Amino acid sequence: MILHTLNRSPTESRVYRQALAAMGPDDRLLLIEDGVQGALPSLIRHFGELDGRLFALREDLEARGLAGRCAAEVLVVDADGFVTLTEEADKTVSWF
Amino acid sequence: MRYALLVQGGPYSRQAAHSALRFGEAAIARGHRLETVFFYHDGVYNAARLAAPPQDEPHLVDRFRALHDNHGTQLKVCIAAGLRRGLLDEREAARHGKQGHSLEAPFELTGLGQLIDAGLSHDRLITFSP
Amino acid sequence: MHDESLNGEVLVILRHAPHGTSWLREGLDAALVAAAFGRRVTLLFVGEGVTALVAGQAVGALGQKGTQPTLEMLAMYDIDTLLVDQQALDERGLGVADLLLPVTTLAPPELAATLAAHPLVMNF
Amino acid sequence: MHDESLNGEVLVILRHAPHGTSWLREGLDAALVAAAFGRRVTLLFVGEGVTALVAGQAVGALGQKGTQPTLEMLAMYDIDTLLVDQQALDERGLGVADLLLPVTTLAPPELAATLAAHPLVMNF
Amino acid sequence: MILHTLNRSPTESRVYRQALAAMGPDDRLLLIEDGVQGALPSLIRHFGELDGRLFALREDLEARGLAGRCAAEVLVVDADGFVTLTEEADKTVSWF
Amino acid sequence: MRYALLVQGGPYSRQAAHSALRFGEAAIARGHRLETVFFYHDGVYNAARLAAPPQDEPHLVDRFRALHDNHGTQLKVCIAAGLRRGLLDEREAARHGKQGHSLEAPFELTGLGQLIDAGLSHDRLITFSP
């Protein structure tokens, strides 16, 4: 299982498509930095069927005033949780 | 576990270095060993010894230095990426006939082979890009 | 169609989110300096730039103060023409009630007129 | 489905065009160094990265040599597994006949398998 | 009349939409750097109805091996022509 | 006409500085006067005096310097953007209690007001971004 990180919003960059295309059926995706915009209910559709495998970083949501605006299906983790995700994954790939 | 971080974004312009520091500090807090931070692409700018950010902003160079001083983290800067961008230690400056230097310990100029080596020999390599 | 009161000397277009890059901060710095030099400045928020105005922002990963305090200083610099691309709000499910400051929303045809109406346009 | 001969130790993903940024060059440098250290290296070209392989490139704005000469050196470093995202070619109206070097094209499901098959994945 | 420059490919970045939305009916668009990818026949549709107002920089096409692959409706100019375009426009706006 | 260029991309990482030099040289060849190049955002890195690119690559610092020496172009670097990123001349280094400097003439540290001024007083301002 691979952890993928994404730091761009789907409204600005199409790199999210590359990340999704490279993901295996058990892989996880963590939205960080400007990528947390993708967790908004109006943008979450870009990530298709990642139920239970789509995460967003709490600190980056909070810095942007988006912590209370996240779609319900996104799993919110803090920096400690980010480290845990990297422990659980065989490797981590960064999409930017 | 033994962790390495790859930082590819410059300070202030992009969040990458901030994210890497936050992650590295969280990994250490969870009991991991942060052995290496490797700087590549614009990440090499994080080693600029003359950086003088405003007093009310985080001083990234000092934060990286603290990782080295307190946790033994090695701060490795790709030499080819650094030279192109004006990051030279005293030895490289002398070799290129330049006066002065822009990078100093605990940051060290090193070959890209060390990144491949870190990627294969550490338990985890986490990349932070611009 | 185009409101003449929207004319100014310097148009600063802000297209980036807070925290992720320094574009927003450096664009705002340019706007503040232009205003401090006595120029009439208009801000135009498009694309991800509209998220700069979302209320409830906090400090960044390492305690960076972000751009919210700067936005709150705009009135002090007599920068009170804040234009926002309505489509960018819609795309993100945001409304003017979610924003920190009072703004004027623009429909797509008004964007070009706004660029044309300012002698200096700086795009960040 | 996944060809075992595609397994290697280091996978370098190249996603950027030549000239516009240094990502392609710096990604290739990482691949060459890994190969020089005796590692089995696979290159995977996705998105705009496929344009790195277009034949007929020239020097850049100020005489920069570009990345074509580096690509021509890959065989010397025993880097001969060049994988290309078929969709990225299609999107740009390109075919394997337009490319400088012989490549293996991958359909979407093979991308994930390629990442899984390499212990070290570096994304440029 | 404003000259707009664009240095991103429509396959990677959605900034081309911002540039198009900001263009007046006489404005011109010049593709430069990685933006010249947009001049490929398969990508030109992203620029809609800019007939006679869509330009691409010859040196950047040539450096990428794309000079002979450009769509017919794109007007190719060299660096000297780029300067001419800036002379003819009231101002120039950069999209990136 | 009187031209000003705004360069916002760093050297080598992005084409912006290359594009700006090519444009500036073409503008001069057409008889225009290239009065100012202003460096902002990561563009300030173009002023790094220690840059040591490989011999077979264009040396951007030298190319900008030639614009100044041959055509009187002023090379202005935003001081706030420069300080954060470690670009200090001798005076600023002394003011911040640092030894050495990373930027020297003909590049000059200046306030952002000079950019606004250039934008409004020159006939054309052309921006090259990363």
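When the chains are written out, they are named A, B, C, D, E and F in that same order, and each has its own residue count from 1.
The working rule: contacts are C-beta pairs under 8 Å (C-beta built on N, C-alpha and C of every residue); 3 or more make two chains touch, one makes a residue touch a chain.
Everything numeric here is computed off the predicted structure, so don't read it as measured data.
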| item | value |
| --- | --- |
| Partner chains shared by chain E and chain F (touch criterion as defined above) | C, D |
| Shortest path length from chain C to chain D (each step joins two touching chains) | 2 |
| Greatest separation from chain B - chain, by CA centre | E |
| Pair of chains whose C-beta contact count is the highest in the structure | B-F |
| Centroid-based (C-alpha) most distant chain relative to chain C | D |
| Centroid distance [mean C-alpha coordinates] between chain E and chain A, Å | 33 |
| Centre-to-centre distance between chain B and chain A (centres being mean Cα positions), rounded to whole Å | 25 |
| Distance from chain E to chain B - Cα centre to Cα centre, in angstrom | 38 |
| Residues of chain C engaged with two or more neighbouring chains | 19-22, 47, 60-61, 119-120, 123 |
| Contacts with 2+ other chains: residues of chain E | 7, 11-12, 14-15, 33-34, 59, 91, 93-94, 96 |
| Contacts with 2+ other chains: residues of chain B | 12-13, 15, 19, 22, 41, 57, 125, 127, 129 |
| Category of the chain touch graph - line, ring, star, complete, other | other |
| Full enumeration of touching chain pairs | A-B, A-C, A-D, A-E, B-C, B-D, B-F, C-E, C-F, D-E, D-F, E-F |
| List of chain B residues in touch with chain D within their complex | 40-41, 80-81, 111-113, 115-117, 119-120, 125, 127, 129 |
| Residue ranges of chain E touching chain D (in the complex, touch as defined) | 7, 9, 11-12, 33-34, 37, 40-43, 59-60, 62-68 |
| Chain D residues within the chain F interface of the complex | 19-22, 60-65 |
| Residue ranges of chain D in contact with chain A within the complex | 13, 15, 46-47, 85, 87, 108, 111-113, 115-116, 119-121, 123 |
| Chain B residues touching chain F - in the complex, by the definition given at the top | 10-13, 41-42, 45, 48-54, 57, 83-88, 92-93, 96, 98, 100-102 |
